[in-house]
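Have a look at these structures, which come just after this line.
Shared between the two complexes below is chain A, which has chain B as its partner in the first and chain C in the second.
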Partner chain A sequence: MTTPITEDDLYRTSTQHRLWTFTPTTLAARRTQTHTAALARLPLRPNHSNPQPFTQTDSLALLRRYTSQLHTTATHLSLPGPLTATACQYLARFYLTYSPLTYPPRQIYKTCLWLACKVHGTHLGLNDFLRRIGSEGEKDVVLAAEFLVLGGLGWVVEVKGPGQGLKGWLVEAVGLAEEGELEGLGMPGEGARTVWKGEGAAGGRVRAAYAAAKGVLERPALLTDVWFLFSPAQMVFAGLMVADGVLAGFCLERKLGPLDVEVSERVLEAVRACAEMLAGFDEGEVLGREGREEVEARLEMWRDPGTRDLVGRFGAGKAAGGQGEEAEERRKEMKKEAREKSRREGDELFGPGLARKG
Partner chain B sequence: MAASPALDVPPDPPFKRRKTTPEPTSGTGTGTDSPDDSASAPLAADLADQLDSQERKKYVKGKKLGSGQYADVFEAHLLADPKKLVAIKKIKVGPEVQEFGISYDSLREIRFLQELHHPNIIKLHAVFSTKNQNLNLVLEHLPQGDLLKLIQDTQSISYTPADIKAWMLMLQRAIYFCHANGVLHRDIKPNNLLIAADGEIKLADFGLARPMADPYQPMTYNTITIWYRPPELFFQAQHYGGAVDIWSCGCVFAELISRDVLFRAWPENEINMVKLICEKVGTPTEENWPGVSKLKGYVTPSEIVPIKTRDDWLAVFRSIGELGVDLLIKMLTLDPRVRLTAEGVLRHPFWTAAPRPSRLEDLPRKGGGVEVMGDSLKQRGGELPRNGEANAAGVGRGDKVARKIDFGAMK
Partner chain C sequence: MSRLAQSNRAAPVAKRDARTAGVGGAQDGELLHNNLERMNIDQQGDSTDNRPKSEACPVCNSTKYLNSNLRFLVNPECYHKVCESCVDRIFSNGPATCPIQGCSRTLRKHRFREQTFEDIKVEREVDIRKRVQAVFNRREDDFEGLRDYNDYLNDVEDITFNLINNIDLEDTNRRFEAYQKANQTIIAENERLAREEKMGFAANQKAERLLARERRDAARREEEDERREIEEGRRDVLKRLAAGGDAEKVTKEGQQVQLKKRLNKQAAAQRQQELQNAAGTGNGTAASTMLKGLKARPKKAEPEAPIDPFGGLRFTHKYFEMQDDYRWEGIQDTMKDVRHMAGGYDVRDFTQRSLVAAFSGLGVFAGEEGGEMEKVMVDEKALGTARADLGLKDSGMAEAPR
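Take a look at the complex of A and B:
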């Protein structure tokens, strides 16, 4: 009756797997399509007076810079890792639907973080949030982009990451260490990111690998495309590969043991490819401030002028809950409904309504 | 205005169009792209808008099915196939939108319903927004009302232990699935259990749900409708798990049997709820719940009520049978660590013991929606809309059920 559910079955039905996972080819195609579509809407064309176009490479560089900024901000605010990942993935996914030419990331990234805070139930008020990110007075802008961002995400809000899987591995591996299963493993290879140098018991090795993998899966994972290309479980082992390849290889082999050879090969290949991307991430490639300003200046020249005024187009005034007659009407209606409802039901019939504050 | 190639994107590759369409002069001060235009026609870049309107145009909206505190729900059918019904839940836009934007509840509901695919969990087909930023959830159409309506209609609906077993089993499967996916529902109660056309129970309203394992933040204890809230939350536990949902399920189980709210504190407040739990289950103490006295909000009436015995429970709930009472006791165990887990509940012998859970088609149901009403008007006295004899104890309920028009659903 209670068929056990494996993590993989659950992942296969997830929106991340169904809607936001790509192959390198389909990912590149989607980016090109988005960029081309945005270009097609522009009133300007490159000519002799503005010979420097805004390219897809610019677009990727700028997004990487803003992802980095999101990561730094979230870390500075001590926001939890999964929340940070969600915000960064919102940004990444949004820009598979839209180009920076249409909506520059400067207008979008704070909304990504705000939405991630809400989805993760951080009960931070908006004013508080804005104050802490040093953006007082930007309330309208942040709110105006909410529907835009969610629309760009296809209304998919869940982002699954490797955090939980990595913790699961830690528990398992500590168990293996205690049972003596890890004795006799070779030393971590050249370039391994673990700080473990062979001292102490195997438990120490496991914990050191965990810490190193966690670091890799926090920042580098968000600044590369691995989230679009690999599953959380693959990311876990890829992170461990980078941390301590010998240990990771041993654990992965144990996990794959019961699978048939072809499947194991496929998984191994994916994990290796993911590990390569993670290890290859170079902090120096993230645009610095000057680089960003240069790209943004060009963007400013080219960007779609029709989408400039976010607040005017999507701002609170547009919502029925805003000011104006419709909102007033709506409020009256809500009051009346509430009155009628309590009369209809009598106060005894139902449990008291929960005050669902945000 | 909007004379833009973007109207053809996607699926047409835009560059094909560019050759034949004159370049728009927007942004050069002609005024044609002033922000005000956005309400009347999609602007150049509104790709998501186009997807939204594509989604929106798939449905033809009909009558209102009901409304709650946060939403109005309408019936709708597919334009392409009028026989395919859906429910469109339009989230009310209140003044609080000015304060923090889209509500936490809506985001949570979307988040969890998008990921959870199970026959006993309401299906979310799509989400779309309208131009003035109204949020619409396209849900599976559940025309038979909710479990609360059945429980309360003591006049015309009777049901059997086999029916209760069938309903509870569907609920428990939904909860097991949520928990296996790491999701706590946190608002299980009869009016959040909707009933499909075929009688299937669908767990709805994920506005208070949250993941189980976000250990990085204390959890709120101010959740779950008070009558269905477990003792650990009254004692302000900041970390809790699936056991909170199991307690609520236990309350629903008891309510189905006795057709009365199990812990109906009056006036409704925490103190009275704790008092009632002590009276009906027993006083939580260090003996029956090690560590309870260390919880921040631990207060109990000074007179200690010993834990109720099996016979005490049997005296009230005998009609569900000994095994049923055993399960109920284990779901309403004070100490959340001892309370059954969702899996434990499903492994209990109650489900496989006689009587077998009723088949869907034999479950009693309330009239609801246009179809049933139409049918009942066509019916003549004595005609049964469904096989009323299928359940011994259900004799005679079929006709009454069909005659009873659900006025609630017609408003």
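Take a look at the complex of A and C:
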């Protein structure tokens, strides 16, 4: 009595599919919902002479800017690709739950990277981490938002990305090329991102397509909504489609051939839609420095005053009984007391330690 | 619980009683009366020259030193030590009073016996316990649960303790006798059971031996029968040959008859074997009673099914077939690299994982299982922005009072 489980069933059980995948409509609805809820929380409209409203478009643009910043920082620190993707997705997911009006991304995005480092087993000390990203002294801010971010993620820390899948495709495609199955394929079409121009063996084409797809999936994928709308496998083939449409089409055809026509049509449609989004991404859409400052100034006017003091409310210092000299003293005392107590208990249980000579 | 607690409370009271009521117990002359108290005093008096006195008969003063064959006997009535020859002399003509000065019990010769324990108190306690056990011989199966059985044991111990220490003798003896009278049949039944249990082992062994002998006899008989039949067949053939039949035909016929007989016998033996197998289950239990304390063995266990760690789930590949070898240099290099392979790393793990990742979810679309997402929408609304200060309050509250 066995039930067969396929790769698709495996993905269906993942939290990414169950909790963090949307159709375009539900995604938009969710964003509007969050934005409206945040606006409803504002006590009074600001009394400025010409209050330009902080719109949903502003919030999306600001998010994209911070995602880009996160990506640049992670690349600068030469952190692995999946880690970067995880951090960016944390930021994106968090802002489906909360609006920038409630918690501005400036306070949140470092925590996202910090959490992603922990999740991926890249254990940096907090001081070391802050020194590397050039923001020493923001210890409290990063720690204060940690719990908040995890709550906003719905306590789901796994983010599945296309990285490993792309490697899987490479493994198989290199085999195909060596066996000569790629002979006779047409040249990559106009606008293909691959650097391959028909020279050398078929293996070269595969590797070039891989490199190009990797580039597409590393940055543009993070700055668009594809992560919320498509599965990692669809993203893999969409990335390849952008890189080398002919090759990707051939590989997809081989995989989808034995399937139901209806299903394979749907898969192709999804991959094409995804590829379109990836190809349509324009680096110029990301806000520049001035743009960001302008939007943030507006955000500052509109932002929720109730949640302003993040550090004060969630701060690590508060949890341990305040800050400053006095608190430090108190902490030391408590530590000493605890040590004494455990020593006494040990003595009661096992008798006092042996007297040391000399 | 309550019973045990009661008995705990009762115990110190009982001990106090033992000290105060001891004399009273000695006076009332009931069934288990004795004058241990006096004996205690005697022993204390003897303590200066304990050794010679204990070796000498208090009646005739003969000592073990002079007569090495001297044996001392006691009577469970009063537990006074008297030498064997004195017992013969005094009690041969029927019951008489105890020859020890101050003891007025009437003793009979047949109750005199040798002392088992050096301490006379222990001797007496053992006697009392034997007597109580003979009456209170309920078994654990008689009770519904362990709890009841333990309560019963506790009651029995209370009675025994009272009898040994002469506490509430009248009351205790009344209880004892009432129980004996009320449960005569059960007592007899349990006694019989205990006896049978003791006998059962021996009887089983005997039966086993008998069976073995019967089997041997049967085997011998069968062999003899077979030999006789062969002899008969041969004689028959000879007779027919002598009568002038065709030699070849007659021998063939004779052989066929033999064969038929043998086949018949084989079939019969097989039937017998089957019958024995059918009775085999009964035999099994008989054998198990040969060893005492063995639990009934459960029926032959079915062979265990192989462990299925995935609980009936089987992983299949929809989009690809795993191959033994892949040409990609990343895999080839790793396979040649001692640093990877020395630890037993299997490159196929990597290949498998990557390929599954490449196709996992290719045919899965957003909004397929819409219900779940709708639910999340509601949940998130409750957890998200709308509740931003609730979360703050909670965290504030958690930290405020210390």
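Criterion: the second predicted complex is superposed on the first by the 306 of 358 C-alpha atoms of A that agree within 3 Å, B and C clash if a C-alpha of one lies under 4 Å from a C-alpha of the other, contacts with A are read in each partner's own complex, and residues count from 1 in each chain.
Quick note on the criterion: a contact is a pair of C-beta atoms (placed from the backbone, for glycine too) under 8 Å apart; a residue touches a chain by one contact, two chains touch by 3 or more.
Small disclaimer: the values here were computed from a predicted structure and weren't measured.
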item: First (chain B), second (chain C), both or neither touched by A:248; value: neither
item: Partner chain(s) touched by A:30 [first = chain B, second = chain C, both, neither]; value: second
item: Chain B versus chain C as contact partner of A:97, first or second or both or neither; value: both
item: Which of chain B and chain C A:164 touches, first, second, both or neither; value: both
item: Which superposed partner A:74 touches (first chain B, second chain C, both, neither); value: neither
item: Partner chain in contact with A:41 - chain B first, chain C second, else both or neither; value: both
item: Partner chain in contact with A:304 - chain B first, chain C second, else both or neither; value: both
item: Touched partner set for A:118, first chain B, second chain C, both or neither; value: first
item: Partner chain in contact with A:143 - chain B first, chain C second, else both or neither; value: first
item: Shared chain A surface residues [contacts with chain B and with chain C]; value: 1-2, 5, 10, 14, 33, 37-38, 40-41, 97-98, 102-103, 147-148, 151-152, 154, 164, 304, 306-307, 313-314, 318-319, 321
item: Chain A residues touching chain B - in the complex, by the definition given at the top; value: 1-2, 5, 10, 13-15, 33, 36-41, 43, 45, 80, 82, 97-98, 102-103, 114-115, 118-122, 125-126, 142-143, 146-148, 150-152, 154-158, 164, 304-309, 312-314, 316, 318-322, 326-327, 330-331, 334, 337-338, 348-354, 356, 358
item: Contact footprint of chain C on chain A as seen in their complex; value: 1-8, 10-12, 14, 17-19, 21-23, 26, 29-30, 33-34, 37-38, 40-41, 96-99, 102-103, 147-148, 151-152, 154, 160, 164-172, 174-175, 178, 228-234, 236-237, 255, 259, 263, 266-267, 270, 304, 306-307, 313-314, 318-319, 321
item: In the complex, chain C residues that touch chain A; value: 312-320, 323, 326-331, 351, 353-369, 372-373, 376-377, 379-381, 383-386, 388-389, 391-392, 395-396, 399, 402
item: Chain A partner contacts - residues on chain B that touch it in the complex; value: 4-6, 9-10, 13-15, 17-18, 23-28, 33, 35-36, 38-39, 43-45, 47-49, 51-52, 67, 69-70, 92-105, 107-108, 110-111, 114-115, 117, 126-129, 131-134, 148, 152, 176-177, 180-182, 187, 189, 191, 207-208, 210, 213-214, 216-217, 223-228, 261, 264, 266, 268, 343, 346-347, 351-352
